[in-house]
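Take a look at these structures.
In what comes next, chain A is part of two complexes: it sits with chain B in the first one and with chain C in the second one.
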Partner chain A sequence: MSEPVMKETLFTDTSVPETLPEVEQSRKNVFWSVFKKSKLGMFSLIFLLLTITISILAPIISPYDPINQNAAERMLPPSGDHWLGTDAFGRDILSRIIYGSQTSLLVGFISVLISSLIGTALGMVAALKGGLLDDILMRILESIQAIPMLLLGLMLLVALGSNTTTLIIAISLGLTVSCARVARGPTLELKEKEFVRASISYGASTFRIIVVHILPNILGPVLVMATLHMASAIRVEASLSFLGLGIQPPHPTWGNMIQDGLRFLTSAPWVAVYPGVALMVVVIAFNIFGDTLRDAFDPHIIRERK
Partner chain B sequence: MLEQAVKTEELLKVENLKKYYPIRGGVFGGITGSVKAVDDVSFTVRKGETFSLVGESGCGKSTTGMCLARLVDPSSGKIYLNNANIHEANKSALKQYRRNIQIIFQDPYSSLNPKLTIRKILSEPLLINGYGSKLEIENRVLSLLEMVGLGSQHMDRYPHEFSGGQRQRIGIARAISLNPDIIICDEPVSALDVSIQSQLLNLLKDLQEEFGLTYIFISHDLSVVEHISDRVAVMYLGKIVEMGTTKEIFESPKHPYTRALLSSVPIANPKTKLMRKRIILEGDVPSPKNPPPGCSFHTRCPFKTEICEKSIPSEFQINKEHSVSCHLVENGAIF
Partner chain C sequence: MKRKINIILSILIAAVIVLSGCTEQKQSGTKETSESKGTSNSSKEKAINVAMSGEAEKLDPHFASPVNEVTIVQTIFNGLVKFPTGTVDFEKIEGDLAEKWESNSDATQWTFHLKKGVKWQKGYGELTSEDVKWSFERVMDEKTGSPWRADYDNVANIEAPEQYTVVFNLKQPDASFLLKVLNYHGGMIVNKKAIEDAGDKFMTSPVGTGPFIFEEYSPKDKVVLIKNKDFFKGEPKLEKVILKIMTDPTAVEIAMDKGEIQLGLGIGDQLWIDKRKENKDLVLDFTTPALLWGIHLNMSKPPLDDIRVREAIAHAIDIKTYVNKVVGKDAASLPTGNVSAVYFGAAKVGAYDYDPEKSKELLKEAGYEKGLTLPKQYISTLNSYLDIMVYVQDQLRKVGIEMPLEKVEHATYHANARKDLNNIALYGYVRAPHADTVLTQFFYGPSTVGTPTGVTNYSHYNKVDKLIEQARVELDKTKAKQIYKEAQEQIKKDFIYVPLVETNTVLVRRKEVDLGYNQNKIKGTMIYNYYIDENTDLKD
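== the complex of A and B ==
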């Protein structure tokens, strides 16, 4: 083969990519453009950021102490001094809701973090290793899933005693299962991809394959799932606290506040209703945010819906 | 290529390679049968040559390639690379072996991790196999890109910014990065445009000349195979039915299946086309779950006789380079 011919064949399509950066630009922007288009999604994002800021700044923002009792100011309806009224012990409802958001978000965040880490790792390993390990692991997780999360939480809290750590363990355990399943599916698909096979062929370890080749490619669905799990974690925490098994009074959480107010639902509805509204709005916001996130990661779904 | 001296130094030797996939069924999920994807395949590959495996879809050519790269564990059989026994290799020997056999995949879209830059994709094999310092790896990546006709401006881009042909070039760069003894090209150009195909085939040839690479070229495209190969093995239902130099196979095919396969290649010149006798096979390839007894081709063979249905033909050497598995050729019934 003569030299000039070789040069020609080797360097013919180098000039092509100069036209491509536009594509790159658009692909990186798809996520944000889809997200921005959704008014509800943006609204829920702003609302959640606001909620998080308020809960972090609770000691500065809240007008009263959430735990100190004040017999003189019992059961006051909403007024200029107490925007959302006071409860049976004369504590300011607004302050208690603000402090309660700390508990809800913290319990939610920690249990989602734990369950996402463990669940995703389990799902990926099960899918990659396959065979007996996959079977055993998934059957164990499925048998956990067979018990409703609330019931699982109740059982664990009764058995291990009610405290924040047990509460977090109980919620994480319930959520780990669906994390594992969400991670396992795409991993099964990815492990047959040729880039994973190529990395096996030049000797990559399983750990490396997981970290470099699998995880970045399943991060989208895992993130969406984590957001949706935030909503269920907060919900379950509130339910368990409502039943008196979660966070113990006098420490405020939305769940035990609703429980406190239940007795006065007709005479002083503000005691139960306002924490209920707070809980509902935050859970809905997380759900909408999660849905929008999913649409942004996979714009095809929206197009099909339209 | 055809006029070149025949290469003789044996690099890879495959003996009685088999890959059976179990079929599970029944109430208890027991093994009820097996798909004989690769059924008793033996061949040798010589240093510096291009050895092609051709055949229809599902004939086991890709599975053979995957077995050689140990991406799939063969059911039985022996593989020797440079006389070293591979089928019984331990973990560290296997790692060493793996870097000596690299693959270029068919689909340029799924062969590159979409989340990594080209720099990362190309440095990964070097990093894993302890090529050297960061700077050495960087320089190596750059020279690899130049070897395949890309440049430093492409290093920090992501795979989706490239065309199919360019992606395949990156795949080739990754395959040659560890200086492997053998590169398995699993239909490397069949997903590409015809004009890009020839560029890539020329690139493969140039790289072979420059670095003395050995290719195992898996393809169903006979014109590509004729262009690039030194020797060809024709596979049918998991078995090699005919093997020889490219010249022998294309000019005087012996096995009825090879003849039929070759007569299916489109000819551009209408005059030559009219003169040719087309052999059109009837029926489909039988299921590898339940291959026919005797010669596996007898169900579709236009020349079949009684013996074909009963006994499995053995390998018959027509000459030193050319072998065929057919009773009729062996008996001299067809020439």
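== the complex of A and C ==
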């Protein structure tokens, strides 16, 4: 569980430059030029936008009802009628993957949103206030972090009952910790900068300091973190669904689709393989996108250009 | 860092999925090769190799319970009576250790006359009535801790007046008492001295009177049995029985194709069955008593307290399509009623007709024109349970009934159901093949779940209590059957139980195996597996 610590060091040495207008301008340019240069990054961005569009338009574009069973069309291999075949209940796999993307993206998006908001706020406040509050908050978060996210999810779902809300709470809780750490690092550094100290000496409120000075400067790392967290959230959601927790039948998720198909792996591999591929591609796309985003936000790149 | 781990993980998952898909070809490739080698080897020493799906740690028959354990115990021990091997017909029960038996007129006293000259294995002398008395008293003793103790609650005392005579005195009349002294579970006769000699190791030192003697047990590997030359029914044809622990079903398939394993368990899925049938060296057996699956509707709580709602549910489920298209005709059949057809006293009252229009009408009458959402139901994550319930969920949705499900671990599911937390409880079971067992456990007032005497009456049903009690003491089999029929018809009329499907146990053997009983066919099995007895043989 040393990952977030490493991430923190990754971002703490990104000594944030003061936001002068021309720097702002050049940063925007660099941002886009990095994206344009990285074909993989651009491709993943387009792919993710496409995935999101497909999941929003699911009721219109999916060829079949994802939960309607048809015993006569059980376990059909991929064909013209069913592009990706059918499952053990005769349900169209393509339609289920499309609807499953709604669940994956929605659970991922909501839990990342919650964890980013709470985590970033906690991290910034802890860093600015310092002292006992910082100690207590960070120790609590670290103790949560000591539990692997999958295990945390398992425990919460078993204790609070298997449903979508609990699932989102569990994933958010796991992600909040690393968000807080990512926000805390750069804030500690910013706190010592002259413009922040000046602001403090003028008697500005913590809220104002956060909104005006800190937040704009740590937005980059936080956004990168959020994108990478999307990948983790989707993966954890799939793992928990695979174990039979979280989203309940008959609603499709990629995780429970893989679980359903696993026992037919030798006789009807398409049942498990296609949702697996969908999961893999989306997780990789979020990772590559996050990677490119980090390059684009990296101030060192700006300096090199200058 | 996390990003890299994510990528690596995703690629690994993909690789695993793709690679395991590939193994299919490899498997079918091995079918043709090196098949004769394995067979000739085994026929030389006449050793039969059996695949076991897991460990067999409790080889004391009064504790043995999973399929692997009862399979082994079955070859080592005997009971007083038995079904003709390979069948499960209550009316054809024959003597095992007992030569003959009789009961008094009100079925409260049962007397068994033992066969003479039955020898215990490993030099423990001749079997006497004292052994039988001690064996049953051991199961009945609370201190022993046998899970089958409750089966003998009705036994007042056991006497051994002569060397070859045992008398059971019962508290209440029991016309089906023979089921309690079958060569099964608590009915297996064990040797007092052998158990005392074994001390702490009694669980893995079985000594019985059966055709095979326990030789060795190597954990995670195998159990070896050798033949008992002095077996009282004649010398067994096989020299050895080797039960190998193989937890991976694919490994068992390959080993059976090669001829390294002769007997194994199958999987109850039509796709799997069709694939195995392609191999002409194999014989697939589908045995009864089938597991009867059905949903129990709790008539004590709304909205299921309304008989119209229960009837609507009963008519909404298309079980014919489920049996024929989903599970497949080999491994499953339509239920014949609320008591499985092979059980004594089964009246074959039939399942409910599929009539979704009638369901919709009934719902309308009951005031659920706009649809009905049932309370949340728990369901086991075990595929055999989940598959049926998800099918039922879809069928109900088509007539306007929403049934939200929550998946829970299998043990939790059963615990919840017994705590009366499920209004619609799915249950699949095999019981001692007699109507009394089924009716008493599932449809008898005192067995209602959530009460101190509760068993598995999930429906809170009590309308046939008198009939059940009446049939229990009826010695005349024809009259008893008539009463059981009346009870089953009443249960059907009250729509508290919807039978869905009967699934058979799927067993696989190589064609060189001669079972040696029931014209080389196994129709019924109490041990979910093949019986191996003194006549079982391997042909060349």
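Following the convention adopted for this analysis, the second predicted complex is superposed on the first by the 272 of 306 C-alpha atoms of A that agree within 3 Å, B and C clash if a C-alpha of one lies under 4 Å from a C-alpha of the other, contacts with A are read in each partner's own complex, and residues count from 1 in each chain.
Keep in mind that, in the parts below, a contact is a pair of C-beta atoms (placed from the backbone, for glycine too) under 8 Å apart; a residue touches a chain by one contact, two chains touch by 3 or more.
These numbers come from a predicted model, not from an experiment.
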Chain B versus chain C as contact partner of A:H213, first or second or both or neither: first
Touched partner set for A:A71, first chain B, second chain C, both or neither: second
First, second, both or neither for A:I147, with chain B first and chain C second: neither
Contacts of A:L223 with chain B and chain C, given as first, second, both or neither: neither
Of chain C and chain B, partner touching more chain A residues: C
Chain B versus chain C as contact partner of A:S162, first or second or both or neither: second
Which of chain B and chain C A:A204 touches, first, second, both or neither: first
On chain A, positions contacted by chain B and by chain C: 6
Chain A-touching residues of chain B, taken from the complex the two chains share: 69-71, 95, 98-99, 101-103, 105-107, 110-116, 124-125, 128-129, 148-151, 153-154, 157-158, 160-163, 165-166, 171, 174, 178, 196, 199, 202-203, 205-206, 209
Interface residues, chain C side, partner chain A - complex: 1-3, 5-7, 9-11, 13-14, 17-18, 20-21, 23-24, 27, 250, 269, 271-272, 275, 318, 321-322, 325-326, 379, 381, 383, 386-387, 390-391, 393-394, 397, 404-409
Chain A residues within the chain B interface of the complex: 1, 5-6, 9-14, 16-17, 20-21, 23-24, 27, 193-195, 197-205, 208, 212-213, 216-217
Residues of chain A touching chain C in the complex: 3-4, 6-7, 67-69, 71-72, 74-75, 88-89, 161-163, 228, 231-232, 235, 244-245, 248-250, 258, 263-269, 272-273, 276-277, 279-280, 283-284, 287, 290-291
